[in-house]
Amino acid sequence: MSILTKGDLTRRALGGLAAAAAVAAPGVASAQARTTLRWWSPQTAPAQREAYNFQIRTFEEANPGVRVVFEATSDEGYPAQMAAAFASGQVPSVVTHLPSFAVSNYWQAGLLEPFNDVIDMIGPQNFYDGANRVYEITPGQYAGTGIGNSAANAMWLRRDLMERAGISATPRTWDQLRDACRRMQGGGVFGVPLPYGRNSMTSLVFICFVHGAGGQIFTPDLQVAVNSDAFRNSLEFYKSMREFAPPGATSYSWGESLTAFVSGATATGIYTGRVLANVAAQNPRIAPFITAHEYPTVSASVPHWTFNDFPSVMIPKVAPNMPMAKRFAAHLFRADGYIRQLHAAPGHVLPVLKTISAMPEYQANPIIQANRAAVDLMSTMAASGHNLGWESPRHRPNTKAGQVIASHAISEAVQRFVINNEPIAQVVSTTAQRLETLMRA
Amino acid sequence: MKRSILGGIAFNLLAWTVVFIVAFPLVWMVITSVKPQFELFRIPPTFWPEQITFEHYTRLLFETPFLTYMRNSLVLSSATTVLVVGVATLGAHSLVRFRYRGREVLAQLVLFTYLLPSVVLLLPLYLMMVWLGVANSLFSLVIAYTSFALPYALWLLRSFMQGIPEDLESAALVDGATRMEAFFDVILPQALPGIISTCLFTFILSWNEYLYALVLVNTDAARPLTTGVMSMLVSAFNIEWSLLMAASVMMSIPLIIIFAFLQKFLTRGFGAGGVKG
Amino acid sequence: MAAQHGTAAGRGNPLDRKDALLGVMLIAPTVLIFCAVIVYPLVSALYLSLFRIYTPTLQGNFVGFANYAELAGSPEFWRSLLNTAVWTVLTLTLQIVFGIAAALMLNQAMLFRSLARSLILFPYFVSTVVAVLVWRWLFNDLYGILNHAAMWAGILDMPLDWLGSMPNSMISIVLVGAWKYFPFVVIAVLARLQTIPEPLYEAARIDGAGAWSRFTDVTLPQLREVLVVVVLLRAIWDFKEFDLIYLLTGGGPVIATQTLPLMVYKEAFGLNEMGRASAVAVVMMLVMLVFMLLYLRVNRAQDQR
């Protein structure tokens, strides 16, 4: 028995539903027309999208009957979206730009297709040496490959401010950094934009400092290693730098830290090559004075440690049209399209293929040209960079790195010590416990 | 209510100061959206732009899928509003004016949908959409949004209808109308402000919903504004502030227009012989 | 209520039953939608909370009540629960107070009243994510206008850290929450204010009542029904609020502003522990359920008085 007098309301409602269904229908129907590949990425700024469209066009021209659909995800949304995709079996064909520890996590759960075929298609000799080590989680098999490199903890300096403070040498050790900041701070300018917030940037940056002290978070066997002098020293140093960071640093994340340096409010910066593009657009006045360097370590005998999150390319195991998907993944590295992709974020995403770095077409970008030294340095830094998922060439891959960061165990350690002034022994032991529980789980 | 001129001026000043304070972020958004990029992060910050540029708006409108997203949001929110308010009005009338067993319990049960945070409902809901074959479509969003807008609308309309005196309907019935005729001719006009404001809430709820859209829909053809703008302009390492401000202004304008238009319905007095003391 | 239809069937039982049937049919679509779309996810959440689940695959093993036991012994959980209660009570109170005040104000004659009403509602119109990003900018210590205006006016001489230290963080999220959602109260109350008959106020004035007692004796009782529902709905929504707090403070400093919804998200997608996340969500549900039942019972008692 239907509802009686269907008045205007109900009729309009049905009409509305029909309209919505009509809009929705094409999306569902066309999927069966020909081979369709779905490409997911969280890096979707307008400039990058243009590059992607070019790559899609060239691939479709070379492979008639194939359609590639780009679908944007986001840094915030991809965990939920990937989970939904895996759970329902409706996975995309290719996923790019997820951090390497997401890839290793999925690999460990058996969700990814080995990438060896694709690497062979690209040409393994074209990569920077060891560029793919971080993805060799199961010996002999690659979970994915990097689509770009980032040197995320490059130190940026304002040469004009250094000159004014009478500093000529680039700081190499922590003490020199501290001294430089002390002398440059003043007149509304702060020394560093270091983050002290409860977020992933704080965790990731602090891990760089731990390595800068000669320490590590985990041993090569993945035992918890925070109960060490190096860890304690880095906590103390990080706390001592608090006075050179702006008051709001206790909630700084990537965006605020970047803008602090770009806007001229801090004398040094800690960031990727994104600084170059942002300075050009937002504060060109300081562009001639900025230089990039490796971040100082506790002493000249401790080597530099660069944080590279190795934005990745990966293919889910149950992706449809697997051979075509692999061909597309390899296509992403073809020079014409790849260079366009890199130019969309010049200096920020650096090539993983040394052949590309050498190409004049790659170098013919105004920002890259104006900052050749910085870009070359960052490319080299990033190529030998590491992250929590792979802390050194001797380390086993840590497939729980993503969870360690997401638990905020490390950023909370920083906050407890620096903001709450808890005793260092307590902070270290609590952190060690939390990490051990996480790793055991 | 008569007031002295001075009192009137003082009241207007106070009222508009409050409005300005509340709407200040909107003012800031509009001003920032017409500033060129190099004026964004001046220290100390400038309020008025030194140069005015509309490049961010043109870039957004012509170089990005922004208009597609807006069309999707409009279709999605309208469909959800019509469906939800239609069903909820009938349901509220039923809860208020009819007697049957389990009436109160039903009303409370419907609120159950709210008691779980959306994060936990997401994945099962997505799996259901896949099973139904509507995953990744606007239709799945209409279903999802209806699920959490409906209880809201039902309870709001119920409280509005409770404020309508029974005598009105009785009078109509005495005159020989059927229950449904009485509903359309007497109750609906009385409840109009309530229905309008419920429409407004539902529309806004759908317009601004983010998490469900994030997980349930991934294709540009069906993506609404919230997730479209966010994934395009906000990433972990960088935020395209100028474009974001321009997008936010454009996202808020339709709502402000709709509200300005609906205002007269919200405040319309009602009919002759309507409400008795 | 004497319902009368044109047939000779007369009043009494058959007609009441027919009416009741109509009533049930009117509520049927609501119930249908509710069952179809909500029951499965709800039951699913309850079910998953008894397992240890790896989110990307939704596979795992049965652990019974172990998740709940872990929560009961976790200081982080209890602190999050406390934070959620504090946040909800504070922001809800402000939303109601500001909402009623603004509605009263907008009910008066004023210059460009329609424009004023649209602008006051702006916080509710704008998407939470965008609003919070703008607020972060306004709160910023270096280039945020709030600090600069306060320093220029002499209230502060150093920029304040609005989001990264306590009690500022809790105060900031409460204030932004109040700003964001008080227009909901304004809309509902304003709609109701329009229907309060003028004669009631006249009568009160004739009796010599001043503005405040007109408010408490005429306005408030008339608003009661709407307010009861508004408080209930807003309390539930505020309790579940995620985007605002997550983007504004991320739960920091340390866990000083971490609420239960943030904890659920962290467990589900940060730590990939869907089972534990479901357990927290079920506890949230129970808390809200208890509140809801008590609230409705108290109101029914008041109704009958």
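Chains: A, B and C, in written order; residue numbering restarts at 1 for each.
What we mean here is this: a residue touches a chain if its C-beta (ideal position, glycine included) is under 8 Å from a C-beta of that chain, and two chains touch if they have at least 3 such contacts.
All values derive from a computational prediction rather than experimental measurement.
A.B. asks: Connecting every touching chain pair, does the picture come out as line, ring, star, complete or other?
C.D. replies: Its topology is that of a complete graph.
A.B. asks: Just list the two chains that share the greatest number of C-beta contact pairs.
C.D. replies: Of all chain pairs, the one joined by the most C-beta contacts is B-C.
A.B. asks: I'd like the Å distance between the centres of subunit B and subunit C, where a centre is the mean of that chain's Cα atoms.
C.D. replies: Computed value for the inter-centroid distance: 15 Å.
A.B. asks: Can you work out the whole-Å distance between the CA centroids of subunit A and subunit B?
C.D. replies: The separation of the two C-alpha centroids amounts to 36 Å.
A.B. asks: Got the subunit A residues that touch at least 2 other chains?
C.D. replies: Where subunit A meets two or more other chains at a single residue, that happens at 3-4, 80, 83, 87, 259, 263, 265.
A.B. asks: For subunit C, give me the residues that contact two or more of the other chains.
C.D. replies: Touching at least two other chains: 22, 25-26, 29, 55, 58, 142-143, 268-269.
A.B. asks: What positions in subunit B touch 2 or more of the other chains?
C.D. replies: Residues 41-43, 87, 90, 123, 180, 211, 230, 234, 239.
A.B. asks: Give every residue of subunit A touching subunit B within the complex, in rising order.
C.D. replies: 3-5, 7, 9-10, 12-13, 16-17, 19-21, 23-28, 40, 42-46, 49, 69-77, 80-81, 83-84, 87-90, 188, 200, 254-255, 258-259, 262-265, 272, 274, 278, 281-284, 348
A.B. asks: Can you name the residues of subunit A that touch subunit C in the complex?
C.D. replies: 1, 3-4, 79-80, 82-83, 86-87, 105-106, 109, 111, 196-199, 246-253, 256, 259-260, 263, 265, 403, 406-408, 412, 415-416, 419-420, 438, 441
A.B. asks: Under the definition above, what is the set of subunit C residues touching subunit A in their complex?
C.D. replies: On the subunit C side, the touching residues are 22, 25-26, 28-29, 54-58, 136, 139-143, 158-165, 169, 249-255, 266, 268-273.
A.B. asks: For the complex, which residues does subunit C have touching subunit B?
C.D. replies: 1-6, 16, 19-20, 22-27, 29-31, 33-34, 37-38, 40-42, 44-45, 48, 55, 58, 102, 105-106, 108, 110-111, 114-131, 133-135, 137-138, 142-145, 148, 179, 184, 187-188, 190-192, 194-195, 197, 199-200, 225-226, 228-229, 232-233, 236-237, 240, 242-243, 260-261, 264-265, 268-269, 274, 277-278, 281-282, 284-285, 288-289, 292-293, 296
A.B. asks: Which bits of subunit B are touching subunit C when the two form their complex?
C.D. replies: My answer: residues 1, 11-12, 15-16, 18-19, 22-23, 25-26, 28-29, 41-45, 47, 87-88, 90-91, 93-95, 97-100, 103, 106, 108-121, 123-125, 128, 143-144, 146-147, 150-152, 154-156, 158-160, 162-163, 166, 169-170, 173-174, 176, 178-180, 193-194, 196-197, 200-201, 204, 207-208, 210-211, 225-226, 229-230, 234, 239, 241, 244-245, 247-248, 251-252, 255-256, 259-260, 263, 266-267, 269-270, 275, 277.
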